[in-house]
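Letters A, B, C, D, E and F mark the chains in the order given here, with residues in each chain numbered from 1 onward.
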Amino acid sequence: MPTIRVEMFEGRTDEQKKDFVKAITEATVQTLGSSPEAVDVLLFEIKRSDWATGGVLWSDRK
Amino acid sequence: MPTIRVEMFEGRTDEQKKDFVKAITEATVQTLGSSPEAVDVLLFEIKRSDWATGGVLWSDRK
Amino acid sequence: MPTIRVEMFEGRTDEQKKDFVKAITEATVQTLGSSPEAVDVLLFEIKRSDWATGGVLWSDRK
Amino acid sequence: MPTIRVEMFEGRTDEQKKDFVKAITEATVQTLGSSPEAVDVLLFEIKRSDWATGGVLWSDRK
Amino acid sequence: MPTIRVEMFEGRTDEQKKDFVKAITEATVQTLGSSPEAVDVLLFEIKRSDWATGGVLWSDRK
Amino acid sequence: MPTIRVEMFEGRTDEQKKDFVKAITEATVQTLGSSPEAVDVLLFEIKRSDWATGGVLWSDRK
């Protein structure tokens, strides 16, 4: 703990994911004082056909 | 906000998903007074082999 | 199933919640063909001091 | 209700999942007094490239 | 990991919660082979006025 | 999107929360290239009597 869950569109590279979990963990350690090993980050990649804003799926926008 | 997460069995058509997110967003706008663009809906399709009721996976029922 | 989780700011009236869960359930029944009793809706009221957009808590905005 | 969500690494066998949901449901029935049919268990299998501890994805550990 | 989230009606005693997390953790260890310290269980107590089934809040049922 | 949910023990100060959501949002913007306004962070403060590790609630540890 803390446990951090992130929902984002699919399509990030492995490198982006690696940098992201590192950066978000450091941000947590520095501002909350958690020990790094206590921070879990789980990534959920959501398809644009499974996320709607304003009643319209992102796969149907524009 | 609001942010709405829906877990349902996999197997809906694109048309059903499109109608569902539209209907659920309109229901939110009308009853909560949210602006449509503030409503996010995320769909999570769950396999019957990953959902159990009464201790039995749905893939094993009947 | 489906199970619907809604995160929204706190402060809705009992009447709004009652209307909201009814409307959202009807929208689900009509577009997904679920039986009403199979639809669960869970409401999570979030304080403005626990929700940030753009890095700023809503309790600190304007 | 109760509704139980489990996030775990991918790679369990069908047999393990079947035993797990059965055991966890029985544990719930015995300690909380729920009726078995009221207990839902949802499994989310997470890839090691989507779960980080200490800022490092499990796919990159060791 | 695994991380187990449980949503249930509020009103369990401390003793029930204690027994429940112990039983559910043992069930996990025995069927998935996890080490006990790797199992996290988080309890979310939901008010009957925040959970609806069939479009009706549980606080309004019966 | 991304939407970031954080479960942590209760007891952080307003200042810590403010710094945390700012830092985590900046980390997201820098590594994923999201626009700041697209990043939502939701904080869930969990009581030690609602979080167990190894089958023991944190309120009962030590």
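Things to note:
The working rule: a contact is a pair of C-beta atoms (placed from the backbone, for glycine too) under 8 Å apart; a residue touches a chain by one contact, two chains touch by 3 or more.
Please read these numbers as outputs of a predicted model, since none were measured by experiment.
Between the contact lists of chain E and chain F, the overlap consists of A, C.
Averaging Cα atoms per chain gives one point for each, and the point farthest from that of chain C is the centre of D.
Interface repeat of E-F: among A-F, C-F or C-D, the matching pair is C-F, sharing over half of the residue-numbered contact pairs. The centroid of the Cα atoms in chain B and the matching centroid in chain D are 20 Å apart. The geometric centre of chain A is 25 Å away from that of chain E, both derived from CA atoms. Taking each chain's centre as the mean of its C-alpha atoms, chain D lies 12 Å from chain E.
In chain E, the residues that touch at least two other chains are 1, 3, 7, 22, 24, 26, 40, 46, 51. Viewed as a network of touching protein chains, the structure does not reduce to a path, ring, star or complete graph. Chains that are in contact with each other form these pairs: A-B, A-D, A-E, A-F, B-C, B-D, B-F, C-D, C-E, C-F, D-E, E-F. On chain F, the positions that touch chain E within their shared complex are 7, 46, 49-57, 60.
Across the interface of their complex, chain A is touched by residues 14, 17-18, 21-22, 24-26, 36-37, 39-45 of chain B.
Those residues of chain F lying in contact with chain A across their complex are 1-9, 12, 16, 19-20, 22-24, 26-28, 30-32, 34, 46, 51. Chain E contributes residues 1, 3, 40 to its touches with chain A in the complex.
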